[in-house]
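Worksheet for the structure shown next.
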């Protein structure tokens, strides 16, 4: 099968290509981008020597036509237009939006957090959500979750599905700088981020907030609200999300752990750590895995779940490929790394 | 005035010496330690060339006698014994405990979180707490707050003092590795911490939790409980604490900001950032300052305050000197750096 | 084929296991270590969830018997004894020493730099050296090169083999902290290495110096001496080595590049970068590749070659597996990653 | 005395301001810049709260007029024009060029490495060079050395001045990212530099090369050529330079050390470390000091000197202030930090 990647010069695009190179069922077709069109991929992704001499094309429907799968790794607001063009060509292609355009079900939430017209809602590419594997099997369109929502939904779904947590969620997450993409902004310079942790998008204004609430509310069967604070940490990759929610009456540490063990027993990519071991992002560096731990804070009466993922792998490109495997009827785990690169 | 430093080979001891070297009223007397006694300070603190040839003595009451101020930068459980010995010598010395031994008022909390016998409670060295400057003036004993409690109390005191926040506090904080001291543990190796953020002490078990609750409850006039999760970030110094609490009824962003502006207007070391600017630890690197921002998350109905401090400066040694300035009747700001070293 | 790893709890051992998990011809047999024997691997290598519950055994000949390949990732001075025991058992096993014990041909050099009795010389596991693939085919013993010598030999062999460089070599290399292993030394703490580059082993005393001279002298056909300075950089992995040598008379940039292109055309793991592009360790993170560039400094009349490798992959475990592939008659590239994990 | 800073929003400008705030003889006058004119300094230098509300002006002769000292922290090629304008105003001001425009004595070298017309040669602001303090006393124009040349000249001057080293110098230096300034280039993004060391400007093409040769040749009294390779390390600040030169006949480790001890005995800012201790950039973080060690590699017959400085302090702003102190007849050490901020 042939896969095209739009946005091939960016960080998400690079990670898609790294994983596709290791996937036994894909060959890599068109590589497209905007401002870097015309240059060779090696100038942008020097860690992928196999593709160094491939020339990047403009992101057009023509360039992307004729592939079995098209991955869109574009800034939000761009995928909708490209997807519409692909549809006009009458494609049977599986189109995978790694951006935000097709994640939200509620056009008002899109309007509030992103602005502009809502491009529509596609099947949400998080197979670990209840019932979601059935939705993704055979899907022709996939909305890849945001990296932060991936972490939060994986961390709290077992608690909400089992009715063990209340709807007043507080999440604080640290992300590596690649989560902000390759854009040339002063606060992303190495001199600024090395040796410093900073907060941004505080106070309910980060765009991933409604996506978390959408997912958790569906699992809980009741509206869940999330106080979400993202922070930027001096590392290239990785998210560590600390997710707390009020404990439901009667919950114990034992019942909480039992619920997580039961929910995660058969999950290939989400690992409940041994008791007493807490996640570090290095556990999942470059891997499509999540490392998760949960406990009950009996002092503050809250469920506390902490999760580590690689924002580019499980949080973007790996999660995308996992859903594509399902969509194409391939084994879900095919071609996806489960060992981290550490130390 | 002559100052002695017990624990001179550690990170807190080194920071005390760095600041004392820049303080116009102090000369540096005895330097003591445990396992590094007999070696030269230069082997442990190569950034302090002025003291490189000073020989470290054993930590004994004799060595520490005859100073105007004695700083104890020792592992918890050790300061109590040393302080008792100093008292037996009938010292008029100001004794400053940078460790935990004399922070908690409740012996049961000490017993639960630290174990062993409680050494007693000393005046708490956080001048920014309401009324605390009066307590510290002329004090002969000072318990320097923990680095995390310093950050949390500074961040939330204005909200609780003004009655704008409810008692269900959630704090997630990232700390640089120096907060864990110089102990030789595998998880503190550079290879482990570089490129990785990790959680530890989760679920209400971190020893700084009761200290936060003690301080906030006193300010609020009602019991406050804190869900506290510390994380380790790949940087040497700095704490970024995200502190949230339910908003009291009727609070607005404007009233919240007005309360913070009013509370912090005359604070020399706590800076409320301009609206829209969020703290980064690099703003306070090496400085005795805190950079603070607050907002109301109207979606989740929570007050969110984020604060950056240097855990070794304002969080330990600088905070200690600030209180000592008060205790000795010196200007509170004397000799304390207020510019960060950045980038 | 079954592979055992002695030293499974260390960094080299962990990397061997990561690569073996991705190699289609190996299953993982005994995992042994010294002080961590009896514990589970997950406590030491949390990035390898597949092996988390495997129990580490003591490093004994019995434990290591019955495998097709035994990898020794032990401190120097230990492999010799273990290898001798394995030989006594009459093993047909391929034994791979990732330590230093069997690299040097000259017992006097061993004595000078390591001390103690020389354990003997094994086939040197750097297939890229002239004629070395023939040596390694069918070998039952392999001495894996040091990480620094791997980088330097790969960088300068084309120049010396073509007679374009003189014997007065100067090398300065930066290494990530994992090169120093997991030993608990104060200067390897995160607080010390983050934000700092430092020099060590300066002045011709680093143990990898005679190994570099041995290899380069063999290629040059004349004694080559190396001034080698290693430095420690604030990263977990990677070596960047800057290698210079006097230019032979008449060398031009064109003839130099032509020699490198010719020498490296068919090398699967050593990549000569496009002209004008200089190596970064991130290009090879987690990969068994080397990124190399060379130029002529016409001002100083020196050949300057700069190379990046991952010290744990191409520099240790990947290089070891590459040689094992040859020893076992497998395709040299089998199971070895050639994409880096970046950014 | 009043000091103006042109280029106040950049890294060198910020460091000048940090040091001026701690200098007892200066008040800070005009702050100017190019693209950030009109904004407040706090938006660019959030670590300097004292100046947060100061408005940045355009860099014009008018804005800079009327100060006792004007510091130019501008991109190369800009200082010349500004200095010419200041001269036209008939200023008695001390003008300090932190850029490259006035460092080189040879217009041909300027033309080759920088291009355009040479702005002329000013007194070179490295007081530690033989006889240079006399040159700087009362000077009205000062050319601040480049950060790399500062490190190399400090490291090798004692050897060349004593005739202990030959003219075939090889230098490899690692610099923190602030050395590249605040310019928005992809390779300076945090995601690119974290976890990676890279080489650049290799092969005799880096602009600091002729400056090193100029300085060392003057000290040696004979032409010295330098093979210089700069590398970028994942830290914000600091330079570690490894400088080697052929040993002169008859040199011993003892005579070499004696020469350095003699040369550096009275230097306030250059510290020869105790034997066996090698420099780390953390020793000089934020300080106007250099940490230096030297040895003889008897195997390769080369002098090896390694030096650590902070590129922004001793390498730029601190070195500038040190020279200004001399120019104004103030004590050379006045207001300059000699303690590093570590860990």
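Letters are used for the chains, namely A, B, C and D, taken in the order the chains are written, and counting of residues starts over at 1 for each.
We take it that a contact is a pair of C-beta atoms (placed from the backbone, for glycine too) under 8 Å apart; a residue touches a chain by one contact, two chains touch by 3 or more.
Bear in mind that the values here come from a model prediction, so they are computed numbers and not experimental data.
Of the two chain pairs shown, B-C and B-D, the one joined by more C-beta contacts is B-D. Farthest from subunit A in terms of Cα centroid separation is D. Distance from the subunit B centre to the subunit D centre is 35 Å, each centre being the mean of its Cα atoms. With centres defined as mean CA coordinates, subunit C is found 45 Å away from subunit B.
Multi-chain contact residues of subunit C (touching two or more other chains) are listed as 11, 178, 189, 191-192, 194-195, 234-237, 280, 282, 285, 343. Interface residues of subunit C facing subunit A in the complex, by the touch rule stated above, are 11, 14, 18, 21-22, 42, 45-50, 52, 178, 194-195, 236-237, 271, 273-274, 277, 280, 282-287, 289, 291, 338-343. Every residue of subunit C that touches subunit D in the complex is listed here, in rising order: 168-170, 172, 174, 189, 191-192, 194-200, 202-204, 209, 225-229, 231, 233-238, 240, 242, 244, 278-282, 285, 293, 295-302, 304, 306, 308, 343. Those residues of subunit C whose C-beta lies close enough to touch subunit B in the complex are 11, 176-178, 180, 182, 184-186, 188-195, 234-236.
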